[in-house]
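Two complexes follow with subunit A in common, the first pairing it with subunit B and the second with subunit C.
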Partner chain A sequence: MKYLARRLVHATLLLAAVSLFSFAILQLAPGDFFAPMGLNPQISSRTIAGLRSQYGLDRSFPVRYGHWLHDALKGNLGASFAYNSPVAPLLAVRARNTLLLTGTAMLLAWLIAIPLGMWSAVYRGKWGDRAGAVVTSGLLTVPDLVLFLVLLLVAVRTGWFPTGGMVSAVFGDLNVWNRVKDIAEHLFLPALGLAIATLPPLLRHVRSAMIEVLEAPFIRAARAHGITERRVLFRYALPVAANPLISLFGLSVATMLSTSLLVEVILSWPGIGPLLVDAILAKDVYVVIGTVMLSSVFLVLGSLFADLLLFAADPRMRVE
Partner chain B sequence: MTHRQKLAGSLVLLTSVQILILFAGFFAPYNFAVQDRQRPFAPPTTLHFMDLRGNVHIRPFVYDLEDSGKSILVSQSDSEHCYPILFFVRGMPYKIAGVFTSEVHLFGVEAPGHIFLMGSDAYGRDQFSRFLFGGQISMLAGLIAAILSLSIGIIVGGIAGYYGGWVDELLMRGGELFLALPWLYLLFAVRAALPLHISQWEVFLLLVSVMGLIGWARPARLIRGVVLSARHRNFVVAARGFGASDLYLLRRHVLPETYGVLLTQMTLLIPQYVLAEVTLTFLGLGVGEPLPSWGSLLSSLQQYYVVSSYWWMFLPALLLIPLFLVFYTAADALQELHKSVTL
Partner chain C sequence: MVADGVPGHAGGRLVVALRSEPKTLNPVLAVDEPSRDVIRCLTADLIHINRGSLKTEPSLAKSWTVSRDGRQYTLHLRRGLRFSDGEAFNADDVIFSFQVYLDEKINSSQRDLLVVGGKPIVVVKLDAYTVRFELAQPYAAAERLFDGVAILPRHLVESSYQSGSFSQSWSLSVPPNQFAGLGPFRLKEYIPGQRVVLERNPYYWKADTAGNQLPYLNEIVFLFVASEDAQVIRFQSGDTDVLSRFSAENFAVLQKQQSEKGYRLDDLGPGLEYNFLFFNLNDLSPKGLPEIAKKQAWFQDLRFRQAVSTAIDRDGIVRLVYSGRATPIWDQVTPGNKLWLDDKIPRPVRSLEHARQLLQSAGFSWKSSTLVDPHGEPVEFSILTSSSNAQRMKMATIIQDDLSQLGMTVQVVPLEFHAMVDRLQNSYNYEAAVMGLVSGDADPTSEMNVWLSSGETHLWHPNQDKPATQWESEMDQLMQEQLVTLDYAKRKRIYDRVQEIVAEDLPVICLVSPDILVGAANRMRNFRPAILVPYTLWNVEQLYIQ
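Here is the complex of A and B:
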């Protein structure tokens, strides 16, 4: 319990630091969203000053941060200048899409990594394992950006997958079942790309964790007792190997989020990635801060979730 | 293959790539900014050894109008449209490393002819030349950012490891904070703070320093670990007994222990930062026109019609794969070698 409490404190500190940090750097930035309006002779400087004070841009840094923090704790993340709407609902839709994408990709990646990693650990040094190692290190060297561009090329050239967006234009006219099918079709390519991009390190870790466990004396003892190989693998070896993998899961959330940003932009999935890039180009400050905060929250939740899982999986953690 | 051989092989390859990039002006037939509005999206030029009458030439040549081989055949005067490749030709002047001026290019064709080894882009600029010149920006970004990260890493890691106690605790907790962040988002947040419309070199310098500043935590942790263990080694304790000052101890005995870690971190960080620069520029947040970088070469692929019609625009992206393979092989071999030395 003490361990969990410490993690919670750490998470809160992290979020506070991120918010202060991103707020401070954006404060240092010269110019703001309304600055380009000054070039337009039809907009008077008084109008711009009015807009600035309306959005609170004319106040000092501590005051603005205090206001923002106060509002953010109540779920109000400020207003977007470009969309002229509150940030929170804007982010909610995008966050849902990103979660759908990363969740699917993560499930896919782990569903491939665990059996494949176990298999290559069991047949260590055989041709299958060696071929797997070559493919994995090959994939590791392909930059994510290039991987996604190649996927885009394949999709555009073959026309097998829809590219861009999350739904077809006719989405509104579809019934529930066809809507799900439509989203799944659009989801397939970005999720696959994301899964491929995150797979190699997972595979390596699963393999090495399994190899370590399979060499332990208790596994030899279990085999000597005549326990079937399948039972040895899944009932005895896998739970022991799971520990480092659960920690890895928490860490992989961060990589997943960064990679997801690229996939979203390249294959135009309407997640928080494209929103962030557009917001930066437009100097839409509160959207930028909201997005960065949201990704940090995802990150913190991911590692907290991993901690809880570890707690549930490993009795030693509960005793301490 | 032993690790030593792997390392030697990849280092030879890396060096040759660096030479190609450093002397881009010499190896590239054109300047990166030269436009040929008559030839947008020209496909890669084919080198011919046999002309239409079946005569074999030892010196390869190119045709002026790639698509209209038929019209050449009709006019029966293909020698008019055929341009042999010349070596060490005089062309546009360029500078090497910003100092030496020259106008000799490794290869080229005579004026009305064109040679686009990797095709041309929307403005008819030679992709091959832009790839070589773009490497200068991207590699330089990787190099400077890596050096910056490592310098901060040495200072912070050295202090934390050497002095220990609350200083160590504070610095390492701070580092953990940096490690826990989704770095791409952080990089974006910082980039958002920078003005969008400033000179390209300022953008470059800002970008590089931001990348370098964000990435200090991992090398700092590793260096701290090495320093921590080196601090209690006998020769260090002995030197301290002889009255050596902290600064002398760090400089003479402790920091030299970290060279192995520094070298492997360097080979890992450089490709990582090159990739970061490529990613940021690809998204339109990095170095912009007319300066080429590998990121801006790829950014045209965001247009649907480019992806669907001009396959050769993918060549720069595909060329990056073997390059990174060599980088990671070198880093891997170095790591293994270092491990076997220390063990």
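Here is the complex of A and C:
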């Protein structure tokens, strides 16, 4: 309990620091949301000044940050200049979609990484393991952008998958079962892309963690007792190897989130990615800060979850 | 009203990809292109610019008369029209709409267009279907002011306007029954991050030549596809029906599969965008930038600017940056703008020899192969461009190479767009820049602020109290004169002279105007793309599917 309380305090401080930092960085960059209007011969500087004061951009940095913090504590993350509307509802629907995508991709990645990693640990040095090493290093070197564009091309050329979006145009007319099917069809490609992009490091880590455990004396002892190989692997080796993997799970949340921004933009998944890119390019600051805060919350929750999992899985952690 | 396209047949759905999600459906506040693209399908204006002819035509106003002094416009509205929710339209809606656009508290970006001679237009209701607009001074392009000023349904938005919450109204999440317009389509559904769907407006007031009510299409679906490449791929796969705003490289890629994939591509020739290089001619004494101020001695010398202009390989830019899909230009009016182009402007060929002579006559000389000024300082400067515009970065690089052949050392500095605007308009901390402007209209009045020395977008030296040079003073007079001259031929002569000044005195060194490239599925009919935004969907009510 005490541990959890400490973590919560940490998380709050972290979020406060993240918000101040992103505010400051956005402030440092020259030009604001309304600056490009200055190049439009048909808009006067008076109108632009009016817009600036309407959105409080004419006030000083500490005042603006203070206001934002005050409102944020009450759950109001400020207003988007572009959308003329509060940030929180804009984020909420998109965050749900991003969670669906990253959650599915995460599940997919680990479902592939664990058995495959174990398999190559058991057959380490054999041709299968080597081929696996070649493929994973190959995947590591391919930029994510290229990977996603290739997936998009595959979808276009074969016509097997929808080429973007989350639901098809006829979604409204479908029954519940077909709606789920429709979303799943749209989800498949981006989730697969995201899983492939994050898979290689996971696979390598599972493999090396397993190798380390398989060389331990207690495994040899277990084998000497005549315990079946399958039981040795899953009952004895895997739980011991799980420790570093659980920590890695916490970290992979971060990778997932940042990679998902790209996949969302390329494959038109309606998550927070396209919103963030748009907002950064336009300097719609409260949307950027809101998105950054949301990602930080996901990140904190991810690592907290991993720590709790570790807590449950490893008795040694509980003693501390 | 009867539309002039080929009679088609009703039905079908058009799918269009937007580069980003529209931000609002509120026509008074929308500034971004995607929002405006959607809003144009939902609303109508009083007098409209026909994108095909670039001339004005009746819209909600079926006719109008102009007072002898050119200061009063009396518009006669069509009778019996209904908004897309079935409510009747009359002069009260017009009066209300202009009240909102002109309200200073609303900060509409369209307000400035409706301020003529420093005074807002006065709108007077004469009867339920007649409205008079009073201008502080005669205004040559007055009819064109009405284009794009969408008429609002007073019955739906007046309460939010009165209560001061107008800025928040008609966001994308507005329930479709709370939104209405006089455009060919009305709002059906918005799914955040994914699509906006519009449906046929059953009350729309235009008909085709056979007497069928328009529009033909049942639905328009706007998808949000963030990257140009992804847009091209989805158009190629038949996912979307229309494509515009894409590069010449992608045009070439698409062209290869044109026949087998069932779409056609159009190169409409030069649009209204002109790209140019300009030097910092601001008065820098209050800004304290001595390094740049020293170099201004070169920039202010006309012979220096002429030498740079003569040395730039415009054909090279056309070939290398736009794969041939652009046109070299020597002044701000592009060959696409046939109403205002002055074809007597000389188009000198590139000549390094001539450039060297010009530099020599201005006292420059060469040390080994480096160009030095009369004080012996090597000629070195930087060119800013926006890092988000690949074409302009390439342009700057070509200019860098061209000028190195004169012995000048040029650095290309790509900057994030906001940072670049900040330098051009606030700190004046730059030496030269490559930029482009897209005229909002074919008419010169849309460019007043660029050419007036007091203008805020008089880029090389904005906001002057009194014109810094003789030619700027002449340009001021000409621009003011054309503004109040009602006769087209006379205006044309005046604006021709402005073009001459730009070509002779080179405040901006015009480079190229890119072609407008569009694509459409073969099954789409009545598709008549134009060089003025919106390039493709301006006659959306007449589009039909074969």
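Assume the second predicted complex is superposed on the first by the 290 of 320 C-alpha atoms of A that agree within 3 Å, B and C clash if a C-alpha of one lies under 4 Å from a C-alpha of the other, contacts with A are read in each partner's own complex, and residues count from 1 in each chain.
By our rule, contacts are C-beta pairs under 8 Å (C-beta built on N, C-alpha and C of every residue); 3 or more make two chains touch, one makes a residue touch a chain.
It should be emphasised that the depicted structure is a prediction, and the values quoted were computed from it without experimental measurement.
A.B. asks: For A:292, select first, second, both or neither according to whether it touches subunit B, subunit C, the two together, or no partner.
C.D. replies: First partner only, subunit B.
A.B. asks: Which partner does A:43 contact after superposing on A: first (subunit B), second (subunit C), both, neither?
C.D. replies: second
A.B. asks: Once chain A of both complexes is superposed, is A:18 in touch with subunit B (first), subunit C (second), both, or neither?
C.D. replies: A:18 sits against subunit B, while subunit C stays out of touch.
A.B. asks: Which partner does A:87 reach: the first (subunit B), the second (subunit C), both, or neither?
C.D. replies: neither
A.B. asks: Under the stated touch criterion, which partner chain does A:270 make contact with: subunit B (first), subunit C (second), both, or neither?
C.D. replies: second
A.B. asks: Considering only touches as defined above, state whether A:210 meets subunit B (first), subunit C (second), both or neither.
C.D. replies: In the superposition, A:210 contacts neither subunit B nor subunit C.
A.B. asks: Does subunit B (first) or subunit C (second) touch A:233, or do both, or does neither?
C.D. replies: neither
A.B. asks: Contacts for A:245 in the overlay, against subunit B (first) and subunit C (second): which applies, first, second, both or neither?
C.D. replies: In the superposed model, A:245 contacts neither subunit B nor subunit C.
A.B. asks: Could you say whether A:262 touches subunit B, subunit C, both of them, or neither, answering first, second, both or neither?
C.D. replies: A:262: touches subunit B, not subunit C.
A.B. asks: Which parts of subunit A are touched by subunit B and by subunit C alike?
C.D. replies: Comparing the two interfaces on subunit A, one with subunit B and one with subunit C, the shared residues are 29-31, 149, 152-153, 156, 163, 265-266, 277, 281, 283.
A.B. asks: Note which residues of subunit A are touching subunit B in the complex, please.
C.D. replies: Per the stated touch rule, the residues are 13-14, 17-18, 21-22, 25-26, 28-31, 137-138, 140-143, 145-146, 149-150, 152-153, 156-157, 163, 254, 257-258, 261-262, 265-266, 276-277, 279-281, 283, 285, 288-289, 291-292, 295-296, 299, 303.
A.B. asks: Touching residues of subunit B toward subunit A in the complex: what are they?
C.D. replies: Per the touch definition, subunit B meets subunit A at residues 177, 180-186, 188-196, 275, 278-279, 282-285, 298, 301-302, 304, 307-308, 311, 314, 317-318, 320-321, 324-325, 327-328.
A.B. asks: Can you name the residues of subunit A that touch subunit C in the complex?
C.D. replies: On the subunit A side, the touching residues are 29-32, 35-45, 47, 50-51, 54, 80, 82-85, 89-90, 93-94, 97, 149, 152-153, 155-156, 159, 163-167, 169, 172, 265-268, 270-271, 274-275, 277-278, 281, 283.
A.B. asks: Give the list of subunit C residues in touch with subunit A in this complex.
C.D. replies: Per the stated touch rule, the residues are 13, 15, 20-21, 23-24, 26, 29, 31-32, 104, 107-109, 111-113, 115, 167-168, 171-173, 189, 191-195, 197, 221, 223-227, 229-230, 233-234, 236-237, 239, 388, 416-427, 435, 437, 440, 446-450, 455-457.
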